[in-house]
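See the structures that follow.
Paired with subunit B in one complex and with subunit C in the other, subunit A is shared by the two complexes that follow.
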Partner chain A sequence: MEKKTFKSIPGTAYSSQNGHLLVSSGIPSLDTLLGGGIPVGTVVLIEEDFHGSYSKIVLKYFLAEGIVSKHSTLIASQDVNPSNIIKELPAVIDSDLDSTEISKISGISDKMKIAFRYQNLPTADSARNQYRHIGHLYDLSKNMSFSDIENSDICYWNGQRIENGTRLYSNPAYNALLRSIRNKIRDGKFYLKDSPNKRSILRIGVHSLGSPMWLPHRKSLHSIDSTRDLDKFIFCLRALVRSANAVAVVTIPTHLYHEISLDRCIHSSDIAMRLQAFGGTELENNQSLAEYQGFFYLTKLAAINSLASRHPGSMEYAFKLRRKKFSIDVLHLPPDIHDDSDPKRQSIPLTCGGGTKYLDF
Partner chain B sequence: MISLGDPIASNAVLAALQIGEEDNIIAIKETPNADSNFVITHLIKKIIYEKKRLCLVNFHNTLDHYQNIGKKLGYDLLKGVDEGIVKIIQPIRDLLENIDQEDKYLQENTENIVKQLYLDIKDSLRVLKENNKSVYLIIDDLSHLHDLGVNINETLTFLHYCMNFIDDNDVSVVFNNHVSSKLDEIISNDLEYVADVHVEVSSLKTGMSQDVTGLLTIKRKSDVKQYHYKAFDRGIKTFHPGESIYHLYN
Partner chain C sequence: MLRNYLTTHPYTKFVLIEDTIQERGKPIFDFLLKTHLEKPQNTVHYFVFQDIIGRIKQKLKHNNIILHDFVTNIFCWNKDPKTGNFEETTKNLGGNSVIFIDSLAHVIYKFGLAETYRILNNLKKDAAVQQIVVLLHQDLLEEHLRVEQLLEHLCTLSITLFPNVNSENGRLQYTYKKVGGKIIKGIEEYWIDNQNLVTKKIEKLDTKKLLEKSVSAEINPETLSTFKIGLTEEDKRIRDERRGEILPYLPKPENQNDQDSGKIFYQFDEVDDWDEEDPDDDLDI
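This part shows the complex of A and B:
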């Protein structure tokens, strides 16, 4: 990954720390967490939440960012029609408008007074400003316009035409997808050794890899062989994207694999994350977590071209989904104050001994 | 402290490893959530400093990665390749050509995968040994053979063949093995048994920490040494368990 060979590809930036070429994941808070963005030439593995809805949103952000930055896209899924994923991509918010908005907000916050002892403490915002954000902002409530989608280079793979030629995989779909990706990289001249007129990035999105829909028709149960396929696929995908200007985001429904561990896949990938949604679990009604929709775990953040990983360490993260925005935040539990709206509690006198009848042991 | 000169004295990782002439089989075990790559890159530093020959088999990381880290640690791997003192076998790159053709690294007959890899290594070692220099063979990492479909018997046979290079007494082998499945563990235990030096890199049992990246365990038969290490951008610091605060803030 020589620095000189790249000539300012739109939608990319060099990491200030290790000189790595980065692309945005589309989610500013995730970019910050990953040290500025996703390094080009890596495989990102997302372990899906139970219903796969939040992981799909992360994937959509990643693809939308690619289309806005004029990158090429390859989208693969056997569960849903990949063109539907593209149709549902979030719309980009006009970036000019947004930067003025941000400056307005920061202008207000400058005027506010803070207690002197907190003045010099680093805030979350300053940590965010450490990295120049390369991505755009998106509005989840609107869909991207058709003209944007039609004008971009998108390759769909839905596993309809699979040749049964290979015996390398117990499921030929994996090999077919690998070949499609390889052909796309070759035809689009994304290899590092290629020198096309205009360099671009290929974004590869694989939705729900290894889900029940990926099984060969003859078999009805998960077998050891099928996870072997998954290991081999991820390893080959790693080799592919390493040699090209490409980034792959793969979501895997890991809860279907509870017997067989995915450690091998995680080892072959560069960044691994897991989403755990609260919906449908006992955490759903937990008052202190009401602000969040689920936990976000950064399982792996590999050190590429460097000795030290940028992993933030022991921090705990949670993700939020609002009407227009998906974000990942450091998990903050709210202060343990009882609900003030309860009139009974307000009437409790704060003296010792008085009003003993309200004390409940 | 020695500022220049012998990296074995001045470099923390090499000082901890204390690899000598008689250590012919070095096994590195990498547990999930840990990264043992720094052990390999530091060994390369030592090999290049001592002007020995190196044959590196890359399954996990690209040559670029090693070159970039090499610059940080103070050696130039590509220069070594040009001078003919380093030979690199890159399955991670050559694999791509086999996606269509089903040859070499991607083929149904998995025994042939290790056979051809062995022959490649043998050729490289033969060239490197020409001037009676001692040669190191580094494989990073073995567990990817599983991903390619090679079964445990074939892997063990391959290891056996590789260890037979040592008979000439001027070859040392370094196996890096990531352990995440039962099969990996069998290979790793076998390697631990035959190894002169067994290095284990694991994450902390208590979880992530700001001050300590992980645990480095170095076994020589019955002699076990444990270190904590902290990875920085340009180097690794090692310290005895419990001394991290002293080393980081002084």
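This part shows the complex of A and C:
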């Protein structure tokens, strides 16, 4: 009985692994990595890159997917105006690109005459298609249309009106945010025990949680290093989200925190990932990484509805940002054959015999 | 390069200058102040938290500057309501305003780090604000590394000054976060020439190249062997003179025809393991 009511929620699917309800993160490659999507009722933690720009893009994809799937949204940020984040959401691409892409791939394989042995091997793309993709595709260069945003249920939280509440947190903003999330879940009837006419999902996006805007106030005894606000908040948020049809994505500027407090946060979250951008580091000029913008680490993948978490297959990922698209790939180093910049390399003959002639087999 | 990042329009939103007692950041601060005062469309809001207000008033007599005095009556002891509320003031700025705060350490003393950060972040979000320039004295802060880390997270261009041991000019290290997400870092030498900021890039030496250069210059084959390899001028002269002369141990052309050319004949054993294949077949010779 209950399953039937679940099935009517748009933009969701059941995991083939453990039968859990999933929503898309908006990024197809990330969904694949997570085993089809983000399980409903979990907290996803994203460790921001130094500039915070790539983590913001991931968050935007997540929120855009929610709006296109007609989910409710709650967006919170103290650092930037949350309505600006919503305004900059990427536009959805209407045409169904997936099917055309598949036919393109099969067209190529027909022509495979010489390397015919490889014809039947699964390519990376077909492996990706093994999960039925529930999300949509987006174009980063365009913004979502204003009417789409206006017609959806979006709740903004910018930390402007904060009452002094409980003593649980040294900065009352944490408490205020939790309270508004709870109110939203209660008012929108997102609790699992509720039975509204039309079930939907609440997507909670928290941008730059724990940034210096969330510092403990002067009157409190704690400093940024001793406060436990952040992990307490994630713990409470997870408890809230678990009991509701809700998913939370939280980005944290973790480079401002000590490792120990970071570990506590990862412990209280369900899925944790880290974006490490190359910009401003030595890796920026590394030729073999020129295609990518940074490393992507999947730090934690919780076991939901099962004993063991899904093994994602590879451990090394990198993300790339093109003008229209953000994607996460398995990190392949390109073959090291052409390095024109180094004249010394060129002078070394590749053949073992004649030197100037081509290599003979 | 740094000068472009500082002064070209659209301005970098938030410039943080970190200095110490050895290397003062005031000259760069004053340079930026001067460039903004020269543009009449900008309104400069100068928040004075240190220094003597009278002296600054005398020095800066431009029309487009508004001084905010937070020195004389900061704790409201003399019941004179002249000193405004810092946060209120920052909220009610007109368009095209440029904000200078001297110095941030004093603001943090007064309001605490969390409050200061909040006010600065609100200023950064404010579309009417063109640029914020902030001077931070590192020596005045407790846990200054931590505070700097947090403020560098907020700012778009941070400049840290160091004294230079080798020359009179100071040294600065900057991190510039572009809007697109690109990060530019650099170390430059700087000096103030006639109230203008001049910077020059300090090239970071490439250890690989240095190593290559140093090795190639030093190798002299003469010293490596016990033989005499080179020729002196005298040797060369003698060699040139005797060119064409046939030395006694060389075969003389008239004798050469008489001699049979040498041949090797292989005598097969009874059970000989003769390999028919040419062993050098795979080589291209």
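Everything that follows uses one rule, which is that the second predicted complex is superposed on the first by the 293 of 361 C-alpha atoms of A that agree within 3 Å, B and C clash if a C-alpha of one lies under 4 Å from a C-alpha of the other, contacts with A are read in each partner's own complex, and residues count from 1 in each chain.
As a convention for this text, a contact is a pair of C-beta atoms (placed from the backbone, for glycine too) under 8 Å apart; a residue touches a chain by one contact, two chains touch by 3 or more.
All values derive from a computational prediction rather than experimental measurement.
Contacts of A:314 after superposition on the shared chain: subunit B is touched, whereas subunit C is not. By the document's definition of touching, of the two partners only subunit B reaches A:300; subunit C does not. In the superposed pair of complexes, A:53 makes contact with subunit C only, with no contact to subunit B.
Using the contact criterion defined above for the overlaid structures, shared-chain residue A:211 touches subunit C, although it does not reach subunit B. Between subunit B and subunit C, more residues of subunit A are touched by B. Of the two partner chains, neither subunit B nor subunit C is touched by A:323. In the superposition on chain A, A:198 contacts neither subunit B nor subunit C. Remark: subunit A residues 50-51, 53-54, 78-81, 171, 211-213, 215-218, 223-225, 253, 255-256, 277, 279-280, 321, 353-354, 357, 360 touch subunit C in the complex. In the complex of the two chains, the subunit B residues touching subunit A come out as 32-33, 35, 37-38, 41, 62, 64-65, 68-69, 72, 91-93, 95-96, 99-100, 102, 106-108, 143-144, 146-149, 178, 180-181, 207-210, 213, 231-236. For subunit C in complex with subunit A, the residues that touch the partner chain are 111-115, 117-118, 121, 125, 143, 146, 149-151, 153-154, 175, 177, 180-185, 282-285. Within the complex formed with subunit B, the subunit A residues making contact are 1-2, 17-18, 166-168, 175, 178-179, 182, 228, 231-232, 234-236, 238-240, 242-243, 261, 263-264, 266-268, 299-300, 302-309, 311, 313-314.
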